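Look at the two complexes coming up: chain A is in both, with chain B in one and chain C in the other.
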Partner chain A sequence: MAKELTLSGCAAAAQAVKMARVDVICSYPIRPYTAAMMELAKMVNEGELDAEFIHGEGEHAQLSVVYGASAAGARVFTGSAGVGVTYAFENYSPISGGRLPVQMMIADRALDPPGDFGSEHTDAMSARDQGWIMGWAETPQEAFDNHLINYRIGEDARVMLPQFVCQDGYFVSHIPGKVKIPDQAQVDEFLPPYRPGRHVLDPKQPCSHGPQIRPDQGAIMDLQRAQAFLDLPPVIEEVIDAYNRIMGRSYSPWLEEFMTDDAEIVFFLMGAHTATARHAVRHLRERGVKAGLVKLRFVRPWPSEQVARSLAKFKAVGVIETSTSYGGSMRGGNLLAEVRASIYDAPKRPLTTSFMAGLGGDVIPLQEFYWMAGKLLAAVKAGRVEKAVYWAGLEHEDAPAAGARSDGAPVAVAVH
Partner chain B sequence: MFDIPKDRTVPFGCVTPAPLEEQPMMITGNWREYRPVIDQEKCNLCMNCVAFCPDACWQVDAADEEVVWNAKYCKGCLVCVTECSTEALSKAYELDFPDGVVRLEKPF
Partner chain C sequence: MPVPVKTQNLPPIKKLRNIPKEEMYVPGHRTCAGCGPALQYRLVAKAAGPNSILIGPTGCMYVANASYLCTPYRVPWIHTQITNGGAVASGIEAAYQVRIRKGSWEGELPNVIVMAGDGGTSDIGLQAMSALMYRGHDVLFVCYDNESYANTGIQTSPTTPYGANTTFTPPGKAVPEGKKLFPKDVPQLVIGGHPAVKYVATASVAYPLDLMNKVRKALNYKGPTFLHIHAPCPKGWKFDESKTIEVARLAIQTGMWSLYEWENGEYKYQHRPSKYKPVRTYLETQRRFAHLQEEHIAKMQAFVDARIKAPGVPVSVPLPGPREA
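What follows is the complex of A and B.
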């Protein structure tokens, strides 16, 4: 029977993985993702889930185990966080190059040094160009749904790609929320057993995985993966359509807009901080600011056309970066570079700037969103952005202008 | 749409049928700096070299009387020399030609 449970992001992920009837799981502990493996280990031990549960000797081994298991035709699951994600790095490209639909959960954690257990998207974002599908969940519910959705996308015969299913550490992984759990029959209808193609282990047709190829074949190999990503969007739209129909959800595949109908300024972001941003937008609306937000659901494939079309409606867009790209073209994070590249050829472009916020596991308080809104309103008034990157809460500011509110609400709001 | 030259095509996921004999696509013998040299008098056919070679470059000959080295694929890792139980194998420097000229085949 369909039911509603109160689950953390980790527990929700484990429920989804169980209902996906995975064959092989490989674990190695690193918080905050570990809780998902604890749940799964318990399910296997108690006979609720019939899967091989292997404890790897490290993250590199984890990815090696699921690489092999997937090459043998199994539906597999693994996961990690922070430096665990980077320790396994060598295996990401061979898995996508081998066109094996491995699924890996990432519950973000800031990278060392020095150790900081907080959430930050830099761990996963560092691996965004390894040929894996990648996207974030805002809530435990979305995490549950994304795991199922990603299995079906990745295992589609037209796709055959691995998936990073990401959620913010702590904010999603450890804060329980209501999760609607469908019937097993609904999940089985949506996600039939994995039927691998002819490129997996078959004793009757022995094959070599990951053989040496010649340098002049390298470009062709890269082109295969690039083509797979070009062919992906319609499959993603189709799968999410099917998911919405079978489970009674209403996900839009690429972007979710909130209060954008007449919005002039919007926040553009992904993951857990979207929840706070929704509150900030509502409060800004109460104060007469035409604010809204656009939430990104997939980073890979990046929905360039949808981003250009959506953002064309607004006057100014504040991209909230929750990852770093030291010395990159934007001198801040990764998302603004992607957003600006998406809108470059568009006939109508909004002003864009970015805010480094929520790094190292910091919360982004409402006051910071109001401050960001102030910067966006100032940009609209001036007709240009002052600069491409602001470090929220850390910028030197002159004394607050008369009329500024003590709770940090933007000056421009008081002027309205 | 792309035009991919026939001789550069790559199978899906780079997965190839397992070669039953030699893999003609990737000749690695020219990576070698040292080659193993066998003294057949000392060899007792213990098969360590056959078992340890990562590239299957040591094979027993048709008559089953001696092990034979495959120069085409030996990368010169010399694990066979280390594992030889009777010291029948030693290493020789590949680039030590009498005329002092280093010869390389097509590098890849």
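What follows is the complex of A and C.
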């Protein structure tokens, strides 16, 4: 029977993977994703899940094991965080180029240095150009749902692509929330067993996977992978429709809007901090500010048209960045670069700027959202934005130079 | 725990004329004339037969073989990075274990065979190879050893012999012998630290029946097995391409290579010479050793003398390491 449990993001992911009847799992410990594998190890050893559970010798091996297992026709699962995500990097392009529907959970963690357990999207975002589907969950419920949704999208014969199913470390991975768990029969109806096509390592139908090509054969193969992403949106919409129907959910595939009907300024963000942003928006509304928010569900494929259409309604958009790109065109704002590119050709464009916030895994307090709203309102008044990126919490008049945050707590500044 | 589903018993091949005619590694590839690795590939694939999956980490046998639209493999083959042959093989084997168990694939568990070069085995691929052996997957790991990173232009690897001239160990005024280090003993790495492994053997392209029967014996085992195959490289070792077999045989006659099996803790030698020829006669066949002086040859002879006493006996290197010299 369908039931409601209180689960962390890690435990929710493990539940979904179990209900997907996964065949091969490859583990390696790194916080904060580890608990998902601990849950799965228990399920396998208790006999609740019939799967091969392989202890990888590192993240590179994890991705290598699931590459082989997926090529041999198995439904596979692996996961990682932080420097584990970057250690495995060599394998991402061979997996997507091999059109293997591998699923990898990422519970974000800041990269070194310095050693930091906190959540930051830079680990996963550094792999966003490797040909994988990628998106974030705001809650354990959304994490549960995204794992199932992504298996069906990735394994669709029209798609055949791997998926990074991301959730913020700690904020989602470790904070329990209510999760509606469907019946196994509902999951089986939504997600049939993985049936690889001709494209499988099988002695009954020999074929060679991943041979060498000449440079003049390269462009067409890149085009095929690019085309797969161009063909993806209708499949994603179809799959999320089916999921909503079978599970009784109401996900919109690309963007989720909150209090946007008459909004003038909006926050644009993804993942866990959306929860705080909702509160900030409500409080701003109480003070008469016409604020709203737009939540992004997929970074790859990036929904350019939907972003342009949605944001055209507003006067100013503040993009909350939880990753950074040193020396980039937006002075660090990864999402702002995508947002501005999306609206460039639009007939009506809002003012856009970005806020570095939550880097290192820090919480983004309500005060910081109010401060950001102030910057957006000032931009609306002036008719222009001051700059592409603000470092929220470090640019208050009394904050950065003085080494203090909005709440007066000292900022730890380590000079190396 | 994986349920063993392998029941096959590949019979030994008694005589050369009984070798299967069917080729699993077919002509049309781009390896050099006289290529030792290509020859061992043909023999391994033939011995294994059609119910096999080959795993090809980057190396000569990928770069010179696996050209798009005309690969020479008649059984399923997959490229892996040079780093991860052992890990990819683990995943393939696990997939077949679970698919057979769940009924999504019917048949005998395929022979899963990694065909890795010496770098993909003992250097950058060591971690994945060791983990495969540790976890006990039903996989044969073959190291075809041409004693260098050959397809990148002959650079030293951990199995390149002392004194070899490679493009990363060129002999010069300050370093007259070229390579100063003595090689890793790869079978001993496998035997020494992996209790799940029950069968390890060495082989040579000069003894094809011995090689093929070791492949079959390894594949009949349930669990991980390892085969270290000496595969001379005319281009890298600098000898005439008509001499591959001669050079390979001379390696055994001089003690530069030994043929043995390690089975459940017991060693057995094959084709062991009753009297070894001096190492010098082997070195003289290859221009990679042409620069060596008498003192270097003496060091090499001393190393070989110690090593041929018995496999598994630790050999101390009669030289200071490069940092101490």
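The rule is simple: the second predicted complex is superposed on the first by the 396 of 416 C-alpha atoms of A that agree within 3 Å, B and C clash if a C-alpha of one lies under 4 Å from a C-alpha of the other, contacts with A are read in each partner's own complex, and residues count from 1 in each chain.
One rule holds for everything that comes next: a contact is a pair of C-beta atoms (placed from the backbone, for glycine too) under 8 Å apart; a residue touches a chain by one contact, two chains touch by 3 or more.
Remember, predicted model here, so these are calculated numbers, not experimental data.
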- Could you check whether chain B and chain C clash or fit when both are placed on chain A? clash
- Item | Contacts of A:91 with chain B and chain C, given as first, second, both or neither | second
- Message: Residues of chain A touched by chain B versus by chain C: which partner has the larger set?
- Response: C
- Query: Of the partners chain B and chain C, which touch A:24 in the superposed model: first, second, both, neither?
  - Reply: second
- Please work out whether A:210 is in contact with chain B alone, chain C alone, both, or neither, and reply first, second, both or neither. both
- Message: Just to be sure I read the superposition right, which of the two partners does A:32 touch: chain B = first, chain C = second, or both, or neither?
- Response: neither
- Message: So in the superposed three-chain picture, is A:72 touching just chain B, just chain C, both, or none of them (first/second/both/neither)?
- Response: second
- Query: Taking the superposition as given, does A:57 touch the first partner, chain B, the second, chain C, both, or neither?
  - Reply: second
- Name the contact category of A:358: first (chain B only), second (chain C only), both, or neither. neither
- Which of chain B and chain C A:197 touches, first, second, both or neither: first
- Message: Quick check for you: in the superposed arrangement, does A:224 touch first (chain B), second (chain C), both or neither?
- Response: first
- Clash-bearing segment of chain C, relative to chain B, as chosen among 43-51, 187-195 or 205-213: 205-213
- Note on the structure: Where chain B and chain C land on the same part of chain A: residues 206-214, 217
- Complex contacts: residues of chain C adjacent to chain A: 2, 50-53, 55, 62-63, 66-69, 71, 73-81, 83-84, 87-92, 94-99, 101-102, 104-105, 107, 110, 127-128, 130-131, 134-135
- chain B residues touching chain A - in the complex, by the definition given at the top: 2, 4, 8-19, 23, 25-26, 28, 108
- Message: Which residues of chain A touch chain C once you look at their complex with the stated criterion?
- Response: 23-24, 26, 50-52, 54-58, 60-61, 64-74, 76, 90-91, 94, 193, 195, 201-204, 206-214, 217
- Item | Touching residues on chain A, where the partner in the complex is chain B | 97-100, 160, 197, 199, 205-217, 219-221, 223-224, 227
